[in-house]
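Next, two complexes with chain A in common: one pairs it with chain B, the other with chain C.
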Partner chain A sequence: MKAFALIIVILCAGLLIYGTSDFPPWSDPESPASTHVSPYYIEHTIEDTSVPNIVTSVLADYRGFDTMFETIVIFTAGIACFFLLRVTKREDHESRLYHHLVTGVTLRIKEGGKLPDESEEFRRVDTEWVPYSLIIKITCRLIVPFIMLFALYVIAHGHHSPGGGFQGGVIIGAAMILFAISNDLRAAILRLSEKMATFFCSAGVFIYAGTGLLCLLLGLNFLDYGALAKILFTDPVTARSHGILAVEIGVGIAVMGVVVSIYYNLSSAGKHDEGL
Partner chain B sequence: MDIVVTIILIGGLFFFAGGAIGIIRLPEFYCRLHAAGQLDTMGVLWTMAALALYVLDDFSLGAILTSLKIILIVFFLFITSPTATHAIVDAGVRAGLRPWRKRGAEE
Partner chain C sequence: MGDLAKEFVTTYNYWVYIILMMIGLYAVMVKNNLVKKIIGMNIVQTAIILFFISIGAKRGATIPIIAHGHNGGEHAVHAADYINPLPHVLMLTAIVVAVATLGVALSLAIKIYQEYGTLEEDDIRTQTREE
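== the complex of A and B ==
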């Protein structure tokens, strides 16, 4: 059986390698990939959109529909994670630990017991609590703002340098996750609640589609940013550049929300109660 | 200038090579992390310093800004890299991994 599998693998590999002989040579100007639309993009990007970064203009302008549905795919992934993992029914089977700060006593309150409010005196402690190292906590607190600032730079500077909405959104989400890991899940949820994260997911997609719809209302095609010139008081070419920026911001917000909400669901097994 | 850059680059590669050899040759987890954490950080400092010098061939504003960015990379790496090593060591201690001892040495 093993030999049979090996024969199949070798046959497939041979077929694939034989197939590569039909490929055009490396960097062949006559190859199909670089004959039809690529030269147009390379030659006309600046005069069409005034965006120096060709990748961004292709992504958000020439192929805006593609990117919009990519954003929706990410949104769908976040929603699917929510539906698969989120436990809405409260299960208070587990006992909870509370730390009484005044006396330094840790209390275990069993199922059905009266839970004290989160206050200056009582602080909730995770059941499988590990005392986090102070060094990690402080370093993450030091680093997180810079990561977020860099993410904003990546989003806003996507026109001129490598970057854009997807990358910047993921960086902001990673900063949130770093904060959640270095402190605990409840501290992160206190700052960016689940509701807010889910809201960001849909708000990003809404900004993207809303920009397209605005173009439609102003008399041009869907996602034809030239129409925005009427409300931005600029020429159509600059308006395209601004339209790309608006769309990138939408993508960034959506990706950030999705990344954070997936992390919340995964790390706490859908309970959003205790977790990493 | 190019000669200086090359010398510093070779110095950085020396540290990187030391780190790689340490990861392979040292006996266990903590020693290997020691090699990886320390030597990689030092290697990054040297190679990045070489790059910052290399970019700075003319003292225009753009060149200075670029080399400033490279120095910023080194700065953040110096904060984060030891912390990452610390976190991994911490995890190892919590998982109950004992430090390595020479065979025959008293416990």
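== the complex of A and C ==
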């Protein structure tokens, strides 16, 4: 089996390498990929959208449909994770660990045992609990807000520097995941509940599609942000720039929600109870 | 031999992506563990991303952000000065979609583990035959 697979792989590699003899050399300015549609994007981005970052203008304006459906793909992936893993029926009497803060004793409450009340004295810990490092916890708690601030910068400054909705949304999601790993899953869910994360998933897609629909209602094509000039009281080119920003914010919110909700579902196998 | 060396120097970016993709393909075909198969799938995705990004390169060009662009095109923009932005756009979305599909694949793996108690493919196969 292994030898058979190796033969197939080597044959495929041989065919593909043979195929590269017709490919243009690396970093050739005259290669077919760089000669047809991309020069138009490079030369017209300023006069069409007034966005210097060509990647952003192509992403959200020239190829807005593509990006909208990519956003819907990640939304669908988040929803698929939810439906595959989420356990709604709570099996309440698995054994749980509680930490008594006053004495520092850890109690294991077995199946059917009486759980302590929610109080300041007891704090629930994970069953596969290891004493954690205070340094890691505090450092992550200090870093998280700055990571989120940087993510907002990445989203908002995507017009002029590398960045945009996808990157910024992933950074916010990563900050939430960092918080969840350094504390525990319940602390993260307390900050950003599952309901809010799922709401963000759909709200982001809604902002994107809603911006497109607004353009349709204002008399131009779907996702033709020039139409927004009528309600923003600017010229169509600046309106395109603002439309791109709105769409990027939508993408960022959607990506953040999807990343966080996938993490919640994966790390706790859908129980949202004890995770990493 | 000189031809082959010249070929390699001008197109070695494609060779790298082919090698990466074949490593991923081999993992998907041969590995017994489902998580290793998922990792192989991700290596294939990474190879495709590398391929697209290397297509976008241009000799003597810089990143696709118009210099001094916020003044509104006071100077002419030449396409040869900026690398091709299109592969970057396509791969930007592909990376995030790869992460999302990785999440779906891992949640399927978790479900399979809950059902069969193992992620080894031959164990799962014997269990399904016994039933």
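Structural remarks
Please note the rule applied: the second predicted complex is superposed on the first by the 247 of 276 C-alpha atoms of A that agree within 3 Å, B and C clash if a C-alpha of one lies under 4 Å from a C-alpha of the other, contacts with A are read in each partner's own complex, and residues count from 1 in each chain.
Heads up, the rule we're going with is that contacts are C-beta pairs under 8 Å (C-beta built on N, C-alpha and C of every residue); 3 or more make two chains touch, one makes a residue touch a chain.
Being a predicted model, the structure only gives us computed values, none of them experimental.
With both complexes brought onto chain A, simultaneous placement of chain B and chain C is permitted, the two fitting side by side without a clash.
Within the superposed three-chain model, A:N221 lies out of touch with both chain B and chain C [touch as defined at top].
Of the two partner chains placed around the shared chain by superposition, neither chain B nor chain C is touched by A:S193. In the superposition on chain A, A:D66 makes contact with chain C only, not with chain B.
Once the two complexes are laid over each other on the shared chain, residue contacts for A:T106 go to neither chain B nor chain C. Angle at chain A (Cα centre) between the Cα centres of chain B and chain C in the superposed arrangement: 70°, in steps of 10. When both complexes are overlaid on chain A, the residue A:T139 reaches chain B alone and has no touch with chain C. More residues of chain A lie in touch with C than with the remaining chain of the pair chain B and chain C. After superposing the two complexes on their shared chain, the closest approach between C-alpha atoms of chain B and chain C is 13 Å.
Overlap of the chain B and chain C contact sets on chain A: empty, with no shared residue. The touching residues of chain B, when paired with chain A in their complex, are 76, 79-80, 83, 86-87, 90, 94. The part of chain C that touches chain A in the complex is made up of residues 7, 10-15, 18-19, 21-22, 25-26, 29-30, 54-61, 63-67, 69-70, 72-73, 77-80, 82, 84-90, 92-93, 95-97, 99-101, 103-104, 106-108, 110-111, 114. Contacts from chain A toward chain B in the complex involve residues 130, 133, 135-136, 139-140, 142-143, 146.
On chain A, the positions that touch chain C within their shared complex are 1-2, 5-6, 8-10, 12-13, 16-17, 20-21, 23, 25-29, 31, 33-34, 37-39, 41-43, 45-47, 50-55, 58-59, 63, 66-67, 70, 73-74, 77-78, 80-81, 84-85, 160-162, 164, 166-167, 170, 255, 258-259, 262, 265-266, 269-270.
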